[in-house]
């Protein structure tokens, strides 16, 4: 609808909508832009309690480093603290979590969306109640068996736990999307002699991408940003980005290097930007395939 | 690779089972079994501890102290490894439903207002007051906000949409650990946003962090800001599947843009809305991270925050955390029940 | 044998690569596993790194702020994942309660005769831990501001309040007092300080029954409230980080702060010369005419797991002993903590902690149920400070919350 509809929109409506987008752009992006700017300052400026304009003028940055901008945060995080190791671990973890979540989720979600037996409904409800369980309580329950069976500390353990914890969400989301794909598609394939799996493979898979990509995006962000699981279940050598960032923040009795954390956060946002730019075409391509009808 | 021919229109039990197996296995192993153990944990408590007086010495001299007599308690532990069975005692104690304390408050209070304030002084009900307010405010506003953003971004020229999707996602992308830290500094009375708010309000001493109502508002605004992107992306993807021919014919019939949204787009997006309402109600009821990141515990607490405290203290309260977890699940089930009943009707209509 | 070979090869490789890493050290270990869990800060990192230099050991370290959530679970299995936990006097209690650490007397008799007796933590006559560093909260003040108003550094909280009043009235600073008063652990710690300063006892002697709802408890709460009147209105959100930031911004002239943080306040980073050159430390203050300082002493030390082989226990003991030996001290590590190690030379920033020790400040109580009280305190004081309830009500709430928790844990019937 989009392109066609927007051209036919009345000018005042368009101005109002675009004005709204602009406003939202500022609300969503300003804190981040402020962070990007601040990541090139010293902590005393960016987190100043004396005067927030220090973050603009870089008063202390001048005094401490001799310039209005400094790359010390980036140097500290990436070179001194070897943040790239954590980035690598996160990359491995995120790819695996997304791939496994989506494989499990599309199979299950498809079956749930097509079954009219009562147990399908109750399975979805059960999954929802599973999700209601607070993750911290779950994780503290894992610790003892994981230590006992030598599962603690390894990336695969964190991956499968994240997949499982995220499975209710994935199932629900994909079921909702699959319900929007008309039943006639796979049913007519089955009338033509396909098995359920063949129908899924040849008819459903080609048209499911908008939903799957969107769900995948959330799995990705969940794994990428997870703190509870990764902080508690990974050993130091397998540590991912977020716990590493947390370790820059210090404790009650000691001060950390907050600017390392800020620099690390800023620099790891770039790959997400590329991913979103790449996949947003896929979300729309499902539409242009023209196969989806309501 | 044949799963066997199903009846057209429905998934046969066997193929259903095979499709759902991996997903189910993961959930049973890592969620259902832990929930079972949590249920068990919540009705057992550690054995009565035998305390003995001892003398402790260290770098700063000696002190009279006490410790647990391990030998005396070891036998009890060996006989009943789960601990002592206490039934619903933990659920009823002051840290949870506190029925006894409510009864006392009722008989001691001088009026309804006094009674309510006494009840809200109990941790569970104080937390519930905040959590329910938070859920009721943040859920609809975040979803509505996300919907409008989706419609607006969808009306942009194609070239701008990709970057705009990314920027819209930023509140979700930046890890809350750091995102909240930076926001918290920005809204400080001397931060950039805090100063801006002060000059807008014309009150140079205004501090968002010092007052309970302002802290609540701050947490809710943060909640909406950080979860609107989720609603936005789901709606944006949903908008791509809106049936074109229906829209075209509506346009030919002279429907205005608003009418098209009202009668074509919204009904099409309804299943997604239900889904999001379920997820967001649940997430908001379990609100936790903002309370920690914004050091807001003096003003607002939640059940998840209690669990965090029970598990994170010097002495862990496992049974208490388990009971709070079960109460959280029960609370979610109660809150979601209207949506679920609707879902059940839809499901039966689909069957028919 | 295999490990030995690998370690030797590794050491050789390091040597030939010519890196700055130090030689593998002979700590007297023939073989065994050393796996450390502990908090993550520079001093503990240095100790762990030193212990890891030992020859013939299989070494791992997990230093994380979440160590208290992991150490019990990681030591309950058999064999335990962690052979040693680095803990403080508050957190050793959880390990003793769950019975996961072993007495060290036999190992000390065999290998540890040279460890100074004052470093040994004995509980009921058995050595359960070896302490290696000390910490305490004490006064930090701005010399220039106090000179301006013409008063000496306060020795009591009452003097501190009087000085704060003068600073405010003379228009030098609006909120001259700082403090880590964030609701939760920090605020509870301030109450513990203040209550001990008033000479209070937390429990009825020899029992787990709490008794803080008394005059001393009320006095402690009122003093906390008086302090907050001279603090930034956001004090309930100020943890040590935020309090230090206020200090470095020059907004605060007097505060009670951790000795381990003063080094960063007095260095040239994060503030102007006017602030860091005038930042000075003194011992903890007393309160209400009492003689006990309103503060607590803390130590950090290491333990050895119970559920591990004798070989691993011995290896761990020797490696950790080496980790806190004088070999640890160099220009970099010297300033990381107040070490209890021979050859340690304290700097000016450490005088506050030494004063606290000299004043015989009470160590933080090492009681099985103290953690429960600390949590209850952290949850229930804020309402009083905000003026939402009376001191008596707050203390009653604390006692009720503690009692519910202690009953669950089996400390009370």
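General observations
As written, the chain order gives the labels A, B and C, with residue 1 at the start of each chain.
The working rule: a contact is a pair of C-beta atoms (placed from the backbone, for glycine too) under 8 Å apart; a residue touches a chain by one contact, two chains touch by 3 or more.
Remember, it's a predicted structure, so these values are computed and weren't measured experimentally.
Central chain (C-alpha centroid nearest the global protein C-alpha centroid): B. Across the assembly, the mean Cα position most removed from that of chain C is the one of A. Here the largest set of C-beta contact pairs joins the chains A-B. Measuring from the averaged C-alpha position of chain B to that of chain C gives a distance of 33 Å. The distance from the centre of chain A to the centre of chain B, with each centre set as the mean of the Cα atoms, comes to 18 Å. Between chain A and chain C, the centres computed from C-alpha atoms are 37 Å apart. Residue positions 188, 311 of chain B each touch two or more of the other chains. Among all residues of chain C, those that touch two or more other chains are 69, 239, 242.
Counting partners per residue, chain A has 47-50, 140, 246, 249, 258 as the residues that reach two or more other chains. Within the complex formed with chain A, the chain C residues making contact are 39-42, 60-66, 69-70, 73-74, 76-77, 80-81, 135, 180, 185-186, 239-242, 244-246, 248-251, 258, 260-261, 264, 268-272.
The residues of chain C lying in touch with chain B in their complex are 68-69, 72, 89-91, 93-94, 96-97, 99, 118-125, 131, 134, 182-184, 206-208, 232-234, 236-239, 242, 297, 299, 340, 357, 360-363, 365-372, 374-375, 379, 382-383, 386, 389, 393, 397, 400-401, 403-405, 407-411, 413.
Remark: chain B residues 45-49, 51-61, 63, 65-68, 70, 74, 84, 90, 93-95, 101, 121, 123, 184, 188-189, 205, 207, 209-210, 212, 294-299, 301, 309, 311-317, 319-320 touch chain C in the complex. Residues of chain B that touch chain A in their complex: 1-6, 8-13, 15-16, 19-20, 22-24, 26-27, 29-32, 34-35, 37-38, 148-149, 151-158, 161-179, 181-183, 185-186, 188, 190-192, 195, 225, 229-230, 233-234, 236-247, 251, 257, 260, 268, 271-272, 274-275, 278-279, 282, 286, 288, 303-304, 307-308, 311, 318, 321-322, 324-325, 328-329, 332-333, 336, 340, 343-344, 347, 350-351. Contact residues of chain A toward chain C in the complex are 42-44, 47-50, 60, 63-64, 140, 143-144, 147-148, 152-153, 231-232, 235-236, 243, 246-247, 249-256, 258.
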